[in-house]
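Here come two complexes built around subunit A, the first alongside subunit B, the second alongside subunit C.
Showing the complex of A and B:
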């Protein structure tokens, strides 16, 4: 599992001042978990273990990356799980109704675009109508899954379309395709946040919205864009999940994902109030939560107890970061 | 005396907020309490109403020693406060708001009929007849204020503290409020009236206490003190010995008109503001708190809602920015009076704060050119003498003066044509203040037009080439050259040069 270790290493670059614990807590925790598993868990150092964990964590990381951008502006997006369900319900309708590569291509593009548009709608509620983000995105959180169920008539959609399922079952250079997707999403988002005007404006909006407005930053546009990106990434994650499962169930796709994503963001060191965000930190945060759950299960701790430990770790991470400020 | 507070001292984290403040109020008296920002009047009122406890001093109320430990205790003793923002429950009925905390009960249930009757009676005492069953939020701010007063009286208040009660009322509502205050006085209830509007003080108050720098500097009957005297007491500038230091050499340098504002209306604070700024000229905007200065310049930057009426011209063309972006594109920079709330992004570094507005110009295809960014930042840190550990230091760790230099640099690196500065040296230590004032002068000599709002008379007289004075939302005077003196400014702030002197016993000079 040394691969994950090298992914974590670049996190050693947060520029903001803060205590060592706040800076290094998450990567250190990840390394400790890895060391613990190597010593205790039987058959831990195997490709099998790596694949299982990365396959499971990829959709969470993809969604959590979008969530990181939204939270960086001081907002939150509760609708991601429902948007996954919508995208996951829409894709089979397209590739089953329109066989052939054209249908698959449309099934990859249209659901993501629809999710992005719905995300943009969230942004519109937040900016134009000044609704609090938690309420604005609650609308789709509730309605979205209902829309997905209406689209599919409430039925489980089963399929076998290898061309589409490449994004969940395929391999590229030995790694699952969705892991490459995850790395690409994280890499691009981290680069955008650090190097581009948009990235700095996202952080300025979250850091002090009034100052950003008075400095000429188009606050509304920036916010609508991050909600659209969050929606698009949720849509992508929804496609990955149904590709892995070879089926789409509007009741289950993305269920509880909003909270997993927020947890990963919080553990990763992004300030929930906005203004300071680390996409690589979110990746590390998601890996910690994933590995923790795996560790407990692999060592015979029941899933119910694992949830409590997960909650404890989230609490600990947030507490350490607060102390670091 | 109903209330007597003497030698009140209060420190916050070692900093003295009050050092020897005195306030005495007679029964049935309306007593004005005035002072600049930071003079200590809110602290004094918070001690009186039990929000804070004083460190030293003696307090007596109604013949008994007074030392309230909570607002509830002060209220029980008969001291009630009507705040600027009304602390009532908008969604509940008027009756509930008046009776909250002392409901009538019958057989363990609320006796609504008795409570409605009581609420109606309490409001009738103030000359107000409304449907007390409707939610409070249905009524205007003025009515809500009456309800707050009725509630206070319901607690058998002997002293009602009104903290800027007229700031969100229109003229007619102010008249109604004054009527209520007169009724209260007739009933033997005393009122402490905090306001910055001198006209109001003369209209309704009997005596005045002036505070400055945490102490009481004057107590006088309203009809025994001139407006000018009040203003100079508040500002701490002696009318007699301030001298004319106005820069007279500017006339030659000032170029064509950059910004012109004519007859600007943006209620409730701006009701007829006019001014103009020319290239290479520093124009000061003076006035008391609440005179509408900030609101006026913010309209020119598109920072708030647009104006109702009036004209703006920038470089001779009509101009009405609805967003700061538009004003910035036209070549205007704006430093807000509140650094912490509206200017700095605390989590970001000096570098990022400095280039916040410039960023789009530093980018190629949306990607920040970091080499150019560093070059700009280094240049401005050197030029403005920003004292920091380096461009990567978080701005929140800098002193106020150095933060302000970074914020000035944020606009200067945009190469603006007009710079609007709202209280550019507020809360800044003396050394940095002189540096910033010198910098502003240097920039103007380089051709920049500067519009500077300041509450410090001296800053305007020393720093500006020309100055406008605003009062109650209107431009009341323009002073330049030899006529720009501290005396003239204060006189205009007090009553404007051309207006007849009303409601004032003694004639003024």
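Showing the complex of A and C:
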């Protein structure tokens, strides 16, 4: 990457059409998609549509936010789907084995903590042992789902625990609880990235690790932290998914999530080489992919064709961003 | 000099592990070294071997190809559809589908200047969608009348045809890497792309060809998949890319590019395949009962051990220099 050294986003110059497209392409695409749906898709402007899309996109956004932070440091986290499966398998074991509010509280905290610890382990491999992020997180990608399957014997765990399932089925001020979770995660991450020292450090590490190190930034600590956060958010998303489904299947929870999350990050304009990142962009990216799929399905285009379109959109997005740089 | 050393060490680590596993299996299980077990193992793992070979070359240039699994699925569907027309059209169609995706990957990475990771992530989704569309969301039975299945299920000289194909591919790959200018350019580009370009090496063309080759090999693996299992499988191939990356890394190829081994990659594939095989035997003995789910846990642990070993070797190599 020729500009791996840039820390902050270059200011868009009005005369560069490419730069404008790169900066505003994603939001414009989202608006166009909305406009198209309002004009074409029957019954689009309804609460039902909004709920369906937000409910489906929330776990992806939660995971993709952690992924954004990891990618901002120049890394990648392939293990998120497996960590979702581990958290999603662990929680029912806890609240079914320990009925009552105490069990539910533990089931909300322990799986997320375990996922965070495993994520921290990813970071340890990346920093202490200088293993490339793809390989370091590939280990848990492969082993993690197996761990979840071994924990549950590969069996489906079904349950009805309203106290726990609030995070997937509950409503707060008219919106699903997981949407509030999603907004909180995005808001906090965006604030950290933009306004705090930690955010500057994350971008500096991704922009030029050597320079960051020379500037006194604790590169290793920053990286381990983002991997831990990515793990924790994956764990949270795993809990949300099983709460929505009223069941946990270690074979399926979070399957392919790493790809959805990376795609959302890429479409949202975060540089995969690190050094430039936008959490809000990731939110927009995830919404675009979700709405695109919804649009195609609602208009009778099969799911398989939607995959091809998704591929085209990802390529278009990274191509436009490359032109803009 | 140092690079050669660490490459040797990396390859030796995997060979030692492989030898230890084979010894363990041979001493512990009666039929482990039986012809049936060996040919079954090789027939199935030949598919992964082909995919991993293409991946190894891509990784040596410092790139990555996430699309291989979907490409194999797509190729299996295409060749299943064409299997009624005969062996040649079916193979050509499957490999052609793989080459087409490889061509797209190569063009986007070299001409478009896009990052290999995202590019091949996108084409992975695209190829998968295309496979499902062409197969109408179900597996596509192959024709048994034209001799197509022989390429997957047949034997030549008592040895499975897919294993012959993989063997030839690896010999070709080794020759290409060690004895040709192309191979030297692959490693030079992966070591330092700018320097390779300044030296006048055809960097762009080489990178393009590497993705083309990876697509073609994944396509061939898809053809063998269809022939072996008697059907084109649009949802097979999930996770193959990561298996191939793991095998390549275990085999001593560095993900940073510039260092690689064809033989080590083959050893990596066999190592990961043997783990599953030994698990089956162990369950057959009945002393323990490990579910199939342990397979991925153990594979992941193996990968962890090998990359930690490699990291230590690499650190030992770099430390004196700096």
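Details
As a convention for this text, the second predicted complex is superposed on the first by the 307 of 325 C-alpha atoms of A that agree within 3 Å, B and C clash if a C-alpha of one lies under 4 Å from a C-alpha of the other, contacts with A are read in each partner's own complex, and residues count from 1 in each chain.
Keep in mind that, in the parts below, a residue touches a chain if its C-beta (ideal position, glycine included) is under 8 Å from a C-beta of that chain, and two chains touch if they have at least 3 such contacts.
Quick caveat: nothing in here was measured; it's all calculated off a predicted structure.
Contact with subunit B, but none with subunit C, is seen for A:207 once the two complexes are overlaid on the shared chain. Of the two partner chains placed by the overlay, neither subunit B nor subunit C lies in contact with A:81. After overlaying the two complexes on the shared chain, residue contacts for A:218 are found with subunit B alone; subunit C is out of touch. In the superposed model, A:269 makes contact with neither subunit B nor subunit C. Contacts of A:235 after superposition on the shared chain: neither subunit B nor subunit C is touched.
With both structures placed on the common chain, the touch criterion links A:195 to subunit B but leaves subunit C unconnected. For subunit A, the partner that touches more of its residues is C, with subunit B and subunit C as the two candidates. No residue of subunit A lies at the contact with subunit B in one complex and also at the contact with subunit C in the other. Residue ranges on subunit A touching subunit B, taken from their complex, read 15-17, 195-198, 200-201, 203-204, 207-208, 210-218, 271, 275-276. Listing the residues of subunit A that touch subunit C in their complex gives 1, 76, 78, 125, 129-132, 134-136, 138-147, 149-150, 153-154, 256, 259, 262-263, 266, 272-273, 302-312, 314-315, 318-319, 322. By the touch criterion given at the top, residues 301, 303, 323-325, 328-329, 334, 336, 341-349, 352, 356-357, 359-360, 362-363, 366-368, 370, 392-394, 397, 410 of subunit B touch subunit A in their complex.
Residue ranges of subunit C in contact with subunit A, taken from their complex: 64, 108, 112-115, 117-119, 121-126, 128-133, 137, 238, 242, 245-246, 249, 255-256, 291, 293-301, 303-304, 307-308, 311-312, 314-315.
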